[in-house]
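Next, two complexes with chain A in common: one pairs it with chain B, the other with chain C.
Let's look at the complex of A and B:
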């Protein structure tokens, strides 16, 4: 490993060169949307609904239109009059052969009925952002409030207020996996059944760069440009052009420059993206929208929000016979983005890394008067893992077994691979028992009783928990292009999109290693529909596998294309040329580097010109089959029973991410993911008032974002169990920590609290909740 | 943020005069609450009178009888002052625990007291140590100063000049932070004065308050065990998503004991 790569150096797979992004980002020279400026730029701000559920009786914007600096005020009726369409869900269960559901179309601005606090009602554009906000106060909306429901148990109850006429009982759609009859039989024959009811708390991504957008319009050729903080610019173009603006895709360019975090929340466009484009056309000026942090929390798609009843059947030896789950998932007020993805994965990954002979799982999506939910780092896998791992620990406790021992009895063994689950996955590779033992050793399992005793002497409760998981890396196909310039510099044109994942480093590292091109001569380009021919962006931990395998194909094609040129330069027949050790080699020890061939491919006249102009190739990789990263995380907590404060004493993560492309970046991904998982387990929750639907956790005063001192120093280890279904051998890493951590932390919390009689606690395990649970257990113990 | 006028005061008199020339002005001390409220459009002053250049508000005097700190002295200056650390470490410790590094560098003692935020730390120290709040026109005892949530005895244009903290025998502050905002959910300042013991609580109610039953017990014996089982009635305490009134009442007892323990160990 060499952190200071020389200009001429080739960097290899498995190295950790200094990230090429760091200099720009760490010195404050990134170009985020709010950093962009254009002549005559003006500012737009949406009016957000203050009601969770209300009919709009009338809306009067006349005073706002007269306010200083105001250029235009748009309403839902204007959107209807202009023929603007709504935002559809990306897909529904019926699109994948499931039962039919209720598909919403979210308008750019609401004309008739608001369905959550933060629903967009009007859009004001003014010369300055403050003038736009001043004018917002002058819009008079007459609302007729309707009863609201925010919690799943209320939305699904008989007689609940109806959010959509076409969705009786507030049911949107459902997914089901497994075999019900076989599962029922297995439960009937079980020696032991463990049951749990779990709430998976609603959280907000809170990316460091909020969603922001700038819209531009040119009347000369009727074209639009959107600059927006998004994970998938081509996807945004498709949805905005086809469904919302109803223009040809060629009329819309979408640019997502440096993007400061996405986590799935920015995977698809939002109403504001359409508003800035529409307003730019109406005003003839570039329109910028930058929200406040509170507006972000109220309007960004949230994550999780699931209520599960789960059961595990075991035989007398502690072997799992079956798992059964009935679950409800909140979609909020509209079906947005890939909301169906977490609904699905939350069921499909419940059997996890264990031999589960029978399984049956149902997940029903409900509408509530809350901000829509969508994929959030892990998208259903953290929910599934939480169900399975909490069940295992609870079962171990009930059977008087060590939770690690119960796992040992049930883990899928390497000799069982490839292994087919009842939920449609085929795991190709992994060493689950090996990971468990490694994680136990690394987390000092042996000396745990000593540490527990020491804590106990101080009046503290110590607990230990495991979070074992497996997940799917990758979804859909995508394309990567490699293009040499005339001086031998190489540009990667990426259909994938980095918003923190370090693509500029890792992808450069791959092609440098494969083609022998100096690392410093590789440039990475992404996020502009005019520069990249096509792409689907980054989410679902798809980039490592799709990007690297597509690049491998493109690199191989470059090598093949360069061969006749190399043969000409070495004055030998084409068949005598080989590409090995990063060089073209010919007879008699002749060698020529790829960069020289690339330069020759740009000669303007003479015999070389007959080979054409330039050297360029594309590769496509399809996620079929996906890869299955997995990991075993162990967490140790210490709880102060006097205050209810949970401290994470140690956190150990052993992750099988397949072939490790860049160890430091992989570890960084694990660290960040674990931090987000700890956030969900201990701090974060979006809270709406149960009666009124008002957002209570509406700012960082009440929404508990984890800080550096909430996160322990972690022990991480990467296990290279090469993936068998893609040539590069990679698995994904981006979601690992977020999936493992909530289960590991909450199992540790329960392990600690069982000593004082607490049997169940939902996330987040805040001091108040922990203390309350201890008090309730005390009273129960006395009676 | 709504539009407002900005005035930079050159001295105390100038500040008061400027203040009186507007309808709804505010003094700008460190701005750590005020500016955030303005950005969220929750406050709409028509003018800010910036006190940042008024040198007389930044004086510090430390002598054996007590410490006088100018209203515009920042939390970080107090935290880092060697003299304060030597004479009244409970003050520098409290200052060290306010907000984060940026807040401590901008935020001021006077700004905190004048704002009387129910979750601010300084009001607990002022009340427990029987501080005197010196203004441009009079002296106000801390007991009379805090009158309710964001309410003080200050007249509209009255300007805090300095705060005098009498010397205590032993004292300490302990707080339980809100997991999200890190403000005090409960902060307890315990002070053993020449003539008695004071226990002041912040974060738990609408305004800083004293706990007389704890004070009486501690006069008998300044030990954590003296207040075992004593806590204020929780009917009057704050109740929110982070802490119920009952939990706050319990935390007052826990953090009072922790403050007593640290006061004893330091002495």
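Let's look at the complex of A and C:
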């Protein structure tokens, strides 16, 4: 199982054992959805809309139905005729006490009007994938194109084409936090006001394993099985059964086997998940769908896409008096998944780690003729951090202060904790000033002038930027179960779902440490609604806190349940038994390991049988109160003004993740997050043509995925400021890098470019954009 | 069309369509699903295998072009006794994989790099991985694993 762990050995919290997951992946024996095969498997492919906005006048599928190998062709009208429902949003602001918005219901297949390039119009099932794709070309759709809007400023403009009749002005919903009157007063009294307009670029998660799905149906008992690359199988079952297929949940089993990355994009089901199940019932055959990468980029929920006007008011000493923001957020063509989560967090975390006496923030969601957006790693926290950190650096520049010094004057001090923000959070723990100083030291701040001078001598521009952030790790409650077998082996049945996060290793590590069970005797089970009673999957960096605390509760209950059995085995009263140093101990130095007690709990007759059958316990943990991971990232860039190329010379991340369960895995999470943040800052953008709504960045040839030579060596340091609101003391780590990096990188880019007169640049800072900005500044300087 | 091909030391005889790719032959005909398809434009590198000893993206080779050749996939990299290749070991030690999907291609590319550059510096490793995308690790530990493997293989004179 794990070559460097002895069969009998216990692994502890804070160790970095070799991952349990690795061997199968390293030998090509992972089982992702496309690796699964079933007898008589057939293939389905959806027909995607080539128009951003069009009325469907007619669809003729007769030629496609006659094509070789074709078993069925489904359309939007078929979905209506069969009474299939649509995909609702997970929640809207009104569900949390906010103002009412416009709730869409996305159909499995569109019958009347397509609203983005990639909207699903028909589904062809054939004996082979090639036959299905060949038949797609034979479907004749008569579209009447309608004017399309892609950009937020166009969608919100007077007289803009309407995407939904029920949403005038393309406004979907809004959220608001803070106190408007107090903020207005604070701005009126300010010695200095800094203003910025920022675009947070639309990006695509692009997990290297595309979303894909297999549907099976049994007419014997009218039941379905969905195998799908999803982060949350129980949630998918709930939505598909209740809202779309309209069957009982017991009729639908959802399995998410090995999943090759999710990043929030796979958190909820998509129309294809319903299509394969529906087509499996119609054909009586298992139906597999695997997209091309271009189909993925056109149909996977995107992330970010926000336009913000933000202001910061400061007094004469550089103390923040207030922050105000007015923001627009694109939802694309439908409200999908937890789209409202980024809308909300993008406001709530703007005050960040600073003393902000007054705050007022509004974020309005708009419909556009683009693929829907949803939560993408960080979900609103990267947007919020970008607003606050860009404001601070800009203010420091305007006031002639060092950006670190301006932060020093405003950071919430440890003695101010617990600290309540104007956006409804109570920060329990943290050492923000300590993190700042550590990050500055680790990034060699002292010798920076020397490096800057050296670059300058070579005609290069060097800049340095800070990205400080705080976030909420986790949302909702969840359940973990521990179950011994008759040989003393322990199974973790997890409501959470790892798709790269290493749950099979870390959770095994915890229970091994707490219960004294050999690490190699712990099995981790997830991702199957028939095997796991209930769960909500993994997203929003929720697993480390919810999983570990739920497991702690389950472990404590196991210890208590095993006590009378241990007492019987040691022939002593129950009260004389205690569980310490991972063993049951009785009078006279007697000791019994948990595994022996578990074996005894399975004895079928005799006095032990009176204790019941087996040894099993569950724990539930809720993220209320939440935890607040935070970090200070420092980036140093060198820009060649002749080419506009931005090179990241060093990247330093100091992250307070609470108690560190497995340092190597935590650092791996930071690395991956930072790379995605660097990607957003320097390379990535989903681009639609402004006039036609055509997707321009529709393949890996066009979309700027970060490659190995785009990512620098990173200095990472984990700070253990124990969380005070959960017994294990963990915060979270999964989103840290993605939140801190865009701000740190762009602050560094601006710091470098100010020397040549560039005052503002939006992400991604590609060589062309940087070079153009330098040329414009040059011309401006001469005139 | 018939394709005669040696895969992981075993001679195979496959019937494929003329448009089938080597990746299709490996995955669909031979059920060697460790070779992954992550794109269709030769960008992601998840389908990297060794064709006659050289790393290629198997989505960029027609199955019929591989007729008569010798292919090694991720399933064939470990020894017959199950002993992992030093590259596989280094990936695990350095936590160079998270979701595991890009891993087979990364490992096959890493092995090929050390064949041509036994002691690559970090910049060379990063450049050599240009054709392999990873979304989880930020490449940091992948680069480290290849470096560790190179050191170890050099020390052993492999």
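Criterion: the second predicted complex is superposed on the first by the 780 of 783 C-alpha atoms of A that agree within 3 Å, B and C clash if a C-alpha of one lies under 4 Å from a C-alpha of the other, contacts with A are read in each partner's own complex, and residues count from 1 in each chain.
We adopt the following convention: contacts are C-beta pairs under 8 Å (C-beta built on N, C-alpha and C of every residue); 3 or more make two chains touch, one makes a residue touch a chain.
As the structure is a prediction and not an experimental result, all values here were calculated from the model.
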Next on the checklist: One more residue to check, A:292. First (chain B), second (chain C), both or neither?
Outcome noted: both
Checklist entry - Is A:165 in contact with chain B, with chain C, with both, or with neither (first, second, both, neither)? => result neither
Item to check | Partner chain in contact with A:130 - chain B first, chain C second, else both or neither | outcome: both
Checklist entry - Is A:683 touching the first partner chain B, the second partner chain C, both, or neither of them? => result first
Checklist entry - Among the partners chain B and chain C, which is in contact with a greater number of residues of chain A? => result C
Next on the checklist: So in the superposed three-chain picture, is A:767 touching just chain B, just chain C, both, or none of them (first/second/both/neither)?
Outcome noted: first
Checklist entry - Which partner does A:643 contact after superposing on A: first (chain B), second (chain C), both, neither? => result first
Next on the checklist: Tell me the contact category for A:705 with respect to chain B and chain C: first, second, both or neither.
Outcome noted: both
Next on the checklist: Applying the document's definition of touch, where does A:499 land relative to chain B and chain C: first, second, both, or neither?
Outcome noted: second
Item to check | Which of chain B and chain C A:415 touches, first, second, both or neither | outcome: neither
Checklist outcome for this item: chain A residues where the chain B and chain C footprints coincide 130, 292, 294, 699-701, 705
Item to check | chain C contact footprint on chain A (complex, rising order) | outcome: 16, 18-19, 21-32, 34-35, 37, 130, 205-210, 258-261, 263, 290, 292-294, 499-502, 664-665, 667-668, 671-676, 699-701, 705-709, 711, 713-714, 737
Checklist entry - Quick one: in the complex, what on chain B touches chain A? => result 1-3, 39-41, 176, 178-181, 183, 241-244, 247, 250-251, 254
Next on the checklist: Could you list, by residue number, the parts of chain A that touch chain B in their complex?
Outcome noted: 130, 133-134, 292, 294, 642-644, 682-683, 687, 696-697, 699-705, 766-768, 771-772
Next on the checklist: Show me the residue ranges of chain C that touch chain A in the complex, using the header's touch definition.
Outcome noted: 17, 19, 27, 31-41, 43-44, 46, 73-75, 77-78, 84, 88, 91-93, 95, 97-104, 107, 122-123, 125-127, 129-130, 132-143
